[in-house]
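The same chain A turns up in both complexes below, where it pairs with chain B and then with chain C.
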Partner chain A sequence: MMAWATLRRHPARTTLAVLGIAVAAALLLDMVMLATGMSESFRSLLLTRGYQLRVSPKGTLPFDSEATIDGAGAIVRALRANPDIKAVSPTLGATLTIDGSRIPSAFTLGLERDVQGDYTLEAGSDITRADSGTTVPLPRIVASQTFLTRAGYVVGDTITISSGLNAQLRTAARSSRVVISGMGRFIYVPGETPVMALDLALLRQLLGPSYRDRMSLAMAESRRGDSASVEAVRSWIATTQPRVTAISTETAIRQVEERLSYFRQLAFVLGAISLGIGFLLVATLVTLSVNERRGEIAVLRAIGTQRLGVLHQVFLEGLLLTSAGIVGGLALGLVTAQWLNGILRDFPGLPSAFDFFVWSPNAGWRALALLLTSGTLAGLLPAWRAASIPIARALREKAIG
Partner chain B sequence: MLAVAVRIACVLGAVGATPLAAQRDSTPRDSAPRGIAIDARMAEDLGLAVGARVRISAKPGEAGDSATIAAIYERKADPAEVARREYRVRLHLDHLQQLMELDDRVDRFAVGTRDGQSIDSALARINHVAFGFRAHKSRDVAVQSSRTFRVVERFHFAIGIITVVASAVFLLCLLLLSVEERKRDIAALRLMGISRATVVRAIVIEAAIVSLIGSVIGAGIGWIASVIVNAHFQELYRTPLVFALLTPQIFAFATGLSLVLGIGSGAAAGWRLVKSSPLSLMGR
Partner chain C sequence: MVDVSEHGAGTALETGTAGEPVIACEQVVRSYPMGSAMVQAVRGIDLRIARGEFAAITGPSGCGKSTLLHLLGAVDVPTSGRVLVNGRDTASLSDREATDFRLRHIGFVFQRFYLMPTLSASENVELPLAEAGMDKRARKARARELLGYVGLGDRLEHRPTQLSGGEQQRVAIARALSNEPALLLADEPTGELDAETGVRLLELFGRLHRDGRTLVFVTHDAVVAQAAQRVIRLHDGRVSSDSRSTIASGA
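Moving on, here comes the complex of A and B:
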C-alpha cells in the first residue's frame, strides 16, 4: 500500500506527526472528560443513596449557609404523608466542641439512622437511635477517618461533646458523653473536614431549646424515579411548603455547573485548540508529503493509476496518521486525566468522592471520532491536489530536477 | 464601622430586600432604622439605592427589622468567591446579633499586637486560656484560604506543560518538514562549497526568526484572547477580577521557550540533512 510505504519511508517525520496528534488527542480527551465529568460525578454523588430531592431553607442551597428550617417535624411529617414520596431523611448540621481533644471542635451531622443518606459505615457499628431504649448506656456516634486521625481517637473511645460554650465562665451549656462506635465515609463532606454523625434528637438536645424542631436539610426520594415524577414532587413541595426551597438533582447539577463553569469553558477552549492543532498537523504533513512526491504521483498517473486511486492513497495517509495518533492519545489522555484529576481533587470544600475527570464512553468516543474526522478531512485538500497534478509538467520538473 | 458580613442567603429569603412603601408606614417613627451596606450587585439586581428602606430578618417568614441602605460598596475581586452568586449585606455587629438573637456572640475577631510584641507568644497565651475557640496567625489563615488559588495554579501549570509539549512537537515537525522540503536547495549550496556548519547556521537562524515572528504573532493572539476572556468572564461573574493577563514576564518566557525550541528543532533538522551527501539530497 502506497500510503503505508510513504509513512514508513520517513520514520522520524511519521513518529513526530503521530506524537503530535497523540498529544492533541490526549488534550482533547482530557478536556471532554473535564467538561462532562463534573456533571456525571456530581450526579452520581447526589444519587448515591437514591434521594433525588433536597429541601433546604428558602433561598439557599443545602449547607450553603448556617440557616436552618424551623418547624422541621411538621414539614417531614407532611412529606412522609405524600404517597409519591418513598423516604425522607432530615439532617441538622452544627459545630460541636470535643473536650480534651487535639481538635477543639468538629462539624456534626444529626441524622435519623434508618433513613440517613449522608455516610456509609466502613467499620464498627452504627449510631444509636434516640428511641432505642435504655439498653445502651451511652449514645453511639460515627466519625470520619479524618476526625479519628486528627483528634487522635479510635473506634471504641468515649468522648464528651458539648455546645453553648461560655468563654468567660469556661462552661458548656450542654454536653454529653458518647462512644465512637464506628467509622464512616461521609459522602458530601470534604475529605479534609473532620466530621461526626449522631442521632438527630441527641444533636437537637445538645444545641438547646431553640433547635428542638429544626433541620438544615431534608432529602426526599420520589417513589417513581423518572424526571417527570421527581419534578411533580418538587413542585408539590414548593407549593405546600413556602418556607423551604426544594431542589432536584438536575437543578443542583445546573447550579454546580454554573459555579464551576470556568472549568467547562476552559475545557471547551482547549478542546477546540487541540482539535485545531490535530487538523493543522495532518494538513501540513500531508501537503508537504504530496509536494515532495509530485514526480512520483505523476509517474503513477502516467502508468495508468486512476485519479481516484491517488486521491484514495493520499487520503489514507492522513487517516493512518490520525488513527495511530488517536490510539496513542487515548492512553496518554487517560494517564494525564488521572494526573490532572489528582491536582483538582485538592480543591477545598469539595466532597472527596467528587471527580473532575470522568471517562464517559459516549463523550470520549465522540471526541476521538471528531478528531479522526477532522484529521482525515485535513488530508482531503492535499489529496485532491495530488490527484489533480498535471502529469506532463510534473514529469518534466522531475526529469529536470 | 465594626461590621460583619452576613450571607444574604440567610436573610434574604424573607427580606425580599425591596423598598416597600407599606412597610415604611408600619415602621415606628420614633425609632430611626439602622443603616446597612449592601454590595453593588445586589443594589443593581434589586433596584436599591442609598436611602432606600428595606426589611431584613434572620428567618424566613418573620417580620424582621427595618433598615436603611446607608452605603453601597464594590466587592473585592476575590477569586474564591467569584463563582458564588450570593449577595452580601454588612450590618453593625450589635444589629446583626440582635437580629439573629445571638446575644454576645461573634464568629471571629481580629487581634492586633503592639509593635515589637511577638505574635507567637501572644498566640500561645491566647490559646493557653482559650475555651471553645482557637487563635491562628493571619498568615496561616491566609495560606489556608488561598488553597483554591494554589490548586488552580497547579492545574494551569499542568495544562501549560501539556500545551508546551504539544507546541514543541508541532514546531519540530514543521521545521523538520520545511527544511526537508528544501533539500535540493541545500544540496546545491553544499555542491557550491558552502560548509556544513554554515548551512546549519543558516537553518538555525531562519528557525530562530520564524520562532520569533511566531511568538510575536502568538502574543498578539494571546492578548486578543485575554481581552475576550476577561470581557466574557467579568460580565459572566460580574466582577472586576482579571482572569487572563499577558505580562512582560509571560511574553519573555513564551518567546524564550519558543526560541529554544525553534533553535533546537532547526539545528536537529539541519544537522540531519547536512549529514547526507549533496548528491543523494539531489536524488542522484
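Moving on, here comes the complex of A and C:
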C-alpha cells in the first residue's frame, strides 16, 4: 500500500521512469529474441516440410554452386529403398527464359509435386505431375508473387518457357507452353527473386539430354525424427553414396550459428547495456525517493516500523517500477521487433520465410527473469540504505516538509 | 481514557502505579560528530519522571532538548550513562527490540506532524496498529475511535494536505495514542501552529494528562511550557532548573 502510494506521489516522475524502464525492457526483449531468433528461424525454415537431411553434390552446400548430381535416379531410388527414410524429394534448379515477358528469365525449380518441400501453394492449383500429361492440355506451373508482379502475369495465363537461348538468333533450343496454374510461397528463395516451379521431368526435358538424370539436391526425411536416427541415416548416405554430401538440419544450424556469432555478440552487448540502463533507472529513482523521504522513514521507524518493514516497502517500490516497465516493455518490444524484422527481411538474398526476431516463450521468460533480477537488485541497495537510516540523526535533520 | 482492551496492550508499564518512575536517566551523556568536532548535546543528566506526570522540557535552541527526548523515546542511545524506560535500559535493546518497545510503549508527536502524505487520516492512525498486528477491521474501528477522541471524527478520509496544521497535529496525536502507550513524547508540538490552535492543542494534552497519561513535551517557548505540571529547563546540555507548577495541566 505504502509503496504504491509513494510512487503515486510523483506521477510524472514515476511515469517517465516506467517509460524509461519499458524502453530498456523492450530493447532487452528484442536482443534476446534476436540472439535466439535467427537460429530458431533457420531451424523452422529447414524443417518446414519435415525434411531433416539435405543431399547435395559432393563438397557443396545446397544451391551453393551450380553443380548438379549425375545419376540422380539411382541415388533417389536407393534412398527410397531404405526403410529408415520416409520420403525423398529431388530438386533441380535452373534459369529459364520467358518469351515475351517483362522479365527475361526466372529461376526455376523442377520438383516432384507429391514430395516437394520448396513451396506452399497460396492460390490456384498445383503443378502437373509428369504422369498426368494426357489429362491436361498444357503442363501447369506455380509462380511466386514476385514473378507474377514483375512479369505482369496472373494465375491462368499461358506462357512459353525456354532453355538454351541463342541471344543472336533469338531462338531457344527447347521450349514449352505452360499454364500458370497457381501462386506459391517459396520457402528457401529470397522474396525479391522471381521463381517458378514445374514438374522435374519437364524441366529435365527443357534442359536437354545432359540433364536427363541430374538433380541439384535431394531432401530426405528420416522416419524417426530423433537426432540419433537422423544422424544414422546421414551416416548411411555418406557411406553408400560417395558422390554426394549429406548434411543434417542440426549440422546446418551449427554452421549457421557459427556464421551468426557476430549477431549474437551484438545482441548480447546491447542486451547487457539495456539491462544496465534498466538497473540504473530503478536504482536512481528509488534512491532519489529514499533521500527525499529520509525524515519520513525515520518517523516510520520511530513509531514502530521494523527495519524489515522499511526494507520491504522500498524494495517493493523498485519491484513495482520494474514490473510496470516490463509490462510496457513487453508490448513495445514485440512491436519494435516486428518493425525491425520487416526491415531486415528485405535484406537481399534472404529466404522470404526467414525471421530475425522470433518470439518464443523461452525468450520472453528469459528477458522477464533478467529484468526482474535486475529490478530486484536495483531496489535492494536503496532499500537497505532506507532501513539503515539513523533515526535520531534523520529526525534532527528534519528532512521532510 | 480511550479503551484499549480491544488489542490487549496491557503491559507492566501501563499497569504500574502512579508515582513510580517511568523514566530514569542516570548521568546521561550524548555526543555526536559534527564535521570534524564532537558535539556534546547532553552532558550528564539525571532525571526521573513519574507515571502520570505531565512534564515540559524547555530551554534555548541547541540546549539538547530534542536529543534528550530522542534518548527518552529509545530512538537514540546515550554515549554514556543510562536511560531506563519502565526499568528497561534502552541501550541494552537490540534494534528489533527497541523498535517493538517504541511501538508498544511510546507515542511520538513531532513538530512538523510527519504524517504520511499519501495516506488518509485514518490510514495514518492505522499504521502503528498494523505494525502491532491488529486486523484491518479492528484497526479501522480503533482509528475512528481515536480520531473521534481528538475531535476529528468527521475527517477520517481526509489526506494531510486537506487538513489544517492543528488538525494534522491532532491526527499525529491520535497516531501516537494508537497502541495505547504509557508514555507520550512530543517534540515542539505547537511549533508549527498559530497561537490559538496551539492553545487548543495544549488543552488536548491537558485532557490526555487528566486521563492518566504520562506526557513529556519539548518546547523552546517558556509560555507553552507553563501548560505542563512540571517544567525542566535545560541549558547547555544540563538541567538548569526543575520546577513543578500548581496550575492544573492544560487548564
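What we mean here is this: the second predicted complex is superposed on the first by the 392 of 401 C-alpha atoms of A that agree within 3 Å, B and C clash if a C-alpha of one lies under 4 Å from a C-alpha of the other, contacts with A are read in each partner's own complex, and residues count from 1 in each chain.
In this section, a contact is a pair of C-beta atoms (placed from the backbone, for glycine too) under 8 Å apart; a residue touches a chain by one contact, two chains touch by 3 or more.
In this text the structure is predicted, and so the values were computed from the model without any measurement.
Per the definitions stated earlier, placing chain B and chain C onto a shared chain A by superposition produces no clash, and the two fit side by side.
In the superposition on chain A, contact is made by A:R307 with chain C only, not with chain B.
Contacts of A:S360 after superposition: neither chain B nor chain C is touched.
Once the two complexes are overlaid on the shared chain, A:R9 sits against chain C while remaining clear of chain B. Set against each other, chain B and chain C differ in how many residues of chain A they touch, and the higher count belongs to B. In the superposition on chain A, A:R396 makes contact with chain C only, while chain B stays out of contact range. In the superposition on chain A, A:E296 makes contact with chain C only, while chain B stays out of contact range. Angle at chain A between chain B and chain C, computed from CA centres in the superposed arrangement: 90 degrees, to the nearest 10. In the superposition on chain A, A:F347 makes contact with chain B only, not with chain C. Once the two complexes are overlaid on the shared chain, A:R259 sits against chain B while remaining clear of chain C. Once chain A of one complex is fitted onto chain A of the other, the partner contacts of A:S216 are absent, as it touches neither chain B nor chain C. Fitting both structures onto chain A leaves chain B and chain C with a minimum C-alpha separation of 8 Å. Judged by the document's definition of touching, chain A residues 401 lie at the interface with chain B and also at the interface with chain C.
Considering their complex, residues 32, 66-67, 70, 73, 75-76, 95-96, 99-100, 102-104, 107-108, 110-112, 114, 116-119, 123, 127-128, 131-132, 175-176, 179, 187 of chain C touch chain A.
For chain B in complex with chain A, the touching residues are 7, 9-10, 12-14, 59-61, 83-86, 101, 130-134, 147-148, 151, 154-155, 158-159, 162-163, 165-166, 169-170, 172-174, 176-178, 180-181, 184, 233, 236, 272, 282-283.
Per the touch definition, chain A reaches chain B in the complex via residues 12-13, 16-17, 19-20, 23-24, 26-27, 30, 57-61, 64-67, 70, 97, 104-105, 165, 167, 170, 172, 210, 242-243, 258-262, 266, 270, 273-274, 277, 280-281, 284-285, 288, 291-292, 336, 339-340, 343-344, 346-348, 401. Against chain C, the residues of chain A that register as touching in their complex are 1-2, 5-6, 8-9, 295-296, 298-307, 309, 391-393, 395-396, 398, 400-401.
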